[in-house]
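Once you've had a glance at the structure underneath, I'll fire off some questions.
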Amino acid sequence: MYAVEVRDHIMIAHSFPSPLFGPAQGVHGATFTVDAAFFADDIDEHGLVVDIGLAIDALAQVLEPLRYKNLDDESQFKGIFTTTEFLSGHIFRALADKVRNGDLKDANRVRRLRITLHESHLARGWFEAEI
Amino acid sequence: MYAVEVRDHIMIAHSFPSPLFGPAQGVHGATFTVDAAFFADDIDEHGLVVDIGLAIDALAQVLEPLRYKNLDDESQFKGIFTTTEFLSGHIFRALADKVRNGDLKDANRVRRLRITLHESHLARGWFEAEI
Amino acid sequence: MYAVEVRDHIMIAHSFPSPLFGPAQGVHGATFTVDAAFFADDIDEHGLVVDIGLAIDALAQVLEPLRYKNLDDESQFKGIFTTTEFLSGHIFRALADKVRNGDLKDANRVRRLRITLHESHLARGWFEAEI
Amino acid sequence: MYAVEVRDHIMIAHSFPSPLFGPAQGVHGATFTVDAAFFADDIDEHGLVVDIGLAIDALAQVLEPLRYKNLDDESQFKGIFTTTEFLSGHIFRALADKVRNGDLKDANRVRRLRITLHESHLARGWFEAEI
Amino acid sequence: MYAVEVRDHIMIAHSFPSPLFGPAQGVHGATFTVDAAFFADDIDEHGLVVDIGLAIDALAQVLEPLRYKNLDDESQFKGIFTTTEFLSGHIFRALADKVRNGDLKDANRVRRLRITLHESHLARGWFEAEI
Amino acid sequence: MYAVEVRDHIMIAHSFPSPLFGPAQGVHGATFTVDAAFFADDIDEHGLVVDIGLAIDALAQVLEPLRYKNLDDESQFKGIFTTTEFLSGHIFRALADKVRNGDLKDANRVRRLRITLHESHLARGWFEAEI
């Protein structure tokens, strides 16, 4: 199995309105370093899993609606706890759509994605699945 | 598959009394940066694989008996080569017990763990399995 | 010149209400990995610049009022742009007070501090000065 | 599943002679930080997946023909795009040969390898398979 | 002293045609992770050492002529050993020119720069001076 | 000011026999990632602060007597607390001797050294001085 992984980041605010989250209940924020890994069984005739320039662009487009946002104000996240795990899955779904829609041109060999969000030097989360 | 990973560390001494280990036969030591990854098929209604506070506490409790110890003096490791690989498995088993015992509350969705020990900037080991 | 540096982190929200900040004008957030370096001309009879346990505690106490906060809601930051640079200086001043007040016991040999805030994998800021 | 991973690096030049690669068509270069992970179901009586000294040596031998080379001049890569993905697979095949040939002594428990090439702080690729 | 540091990278080929360089005499290459630190005595009314967007743009412009190049083919480097140290100084001089020319708007408070080039996980070089 | 920094590491055991050190009083250990930075006002005609191969060898020779050792058993450290700070100074002195003795050939332009010891992902110490 081959893979290529590219990195970007977002800086967002959010709150976790449940006593479960203790000190993190109120509005706070995070820098999420975001890694997107594209998996394929083989490489193409140019030696690629996916055109890395298109991969970087696709990840950037998926992150664009989140950049510098207070996620509490985004209607798509109404009533949702935007945890590191949730956001990993959310970004996975948006990027998988792009891959399926052919936005990565010739990327039909990509059959698996993993989205990793590093929230600090001590913690990170990810979501990985077939697409 | 979702995952959350948290980090802690231990600073221990040990020896590897076999010619196989060359210069590492005598008493020396290591800082092990320890990553514990919890895997689950889905997240709960709070958007969590596992309560990250409980995860950090559980890892800390598992590491407590090892902190600042000379592992050669620990009866549980008598006759054992406490290599990076072995310790990864040892910490896995102790943390898996905690998960199975319900110490992470509602963590019955966690079905896989991976324990990674970074021994230097050049080498690391890990153990990963279903629990 | 000897130095010891310890690390902690905070996850905060804030806004930068000026057109100068472009997309970062609204409420967003950051994980700041915070490094505090203590400088001294010499080490004491225990081989220390400063008791590292006390150093970690002092940094944690200084960061406590900022953890999981929306800095826009903190009266002490009213009308202030809480940039990475500003916060580096703010944390410096609070930690320098602790050092001068003797909270680090025998730390009168510490004569310089540097506070570094890593805001992402691409950018960081710091403030360094004599105390 | 146990694993041990060791790190080395190479600094090479190459070109990607196809319009697909845009600005990277001409001769340029890369530092590849190379991680080789050895996977085994169990550890041996010395607590090892593989003798780490032998693992480091085996990786170094596999990388030797690539060090400080212009890959465009290497006959084995004639007509091949030596991308990060391709090189991950190439190094995998060379190292898997060494494992199968018994160069890692007693390494018959190693049944899977992963070769990761970090090309920058923003991108990396890998190849992982049974051997 | 305040500072802000931003990161970019280049992937270049070059050779070091002198026996002194042993295996690195021929054409090989490197990924240089490039950090540019801007130092100032104080921050402005927006809490800034320098507008970070302009700083990132200025660094990118300075690196543009080097990206994906074989430095041996660049007339400006004829007869020069383009070592990590030399390139640190070269990038420093180009960025210092931009600062002095006012390309960073209101950056007259920047009075010192440091350019760091990370060539591998084991080595790096830098040049730091007043501007 | 130019600088070149190279990295190596040691894995040692030691104890800190004083109540001041709390849980670290007994025999434990550490991996110290060791960075040695060589500073010079200018580079030579080969574009170098110092021959990097000689620098790596010199650092390795200085670290050799410490590798895989229990520092409590070394007569040179009798009665000494071998803290991160102390060891930074100790390695500095040994490497400075080598530079002064001409072991780095033509290294008379090196006039300052900094030795950094990373003891964990949370703490590090260093010693920097003219030589």
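A, B, C, D, E and F are the chain letters, set down in written order, and residue numbers restart from 1 in every chain.
The rule we apply is simple: contacts are C-beta pairs under 8 Å (C-beta built on N, C-alpha and C of every residue); 3 or more make two chains touch, one makes a residue touch a chain.
Here the structure is a predicted model, which is why all the values come from computation and not from measurement.
Chain centres here are C-alpha means, and the one lying farthest from chain A is F. Interface residue usage between chain A and chain D, two copies of one sequence, is largely distinct: under half of the residue numbers at the contact are used by both copies. Separation between the centroids of chain C and chain D, computed from CA atoms only, is 41 Å. Averaging C-alpha coordinates per chain places the centre of chain E 27 Å away from that of chain F.
Across the assembly, chain B contributes residues 7, 121-122 that each touch 2 or more other chains.
On chain E, the positions that touch chain D within their shared complex are 7, 9, 11-14, 23-24, 26-33, 67-70, 73, 119-122. By the touch criterion given at the top, residues 1-7, 43, 46-49, 51-53, 56 of chain D touch chain B in their complex. Those residues of chain D that touch chain A in the shared complex are 16, 18, 20-22, 80-86, 88-89, 121-129.
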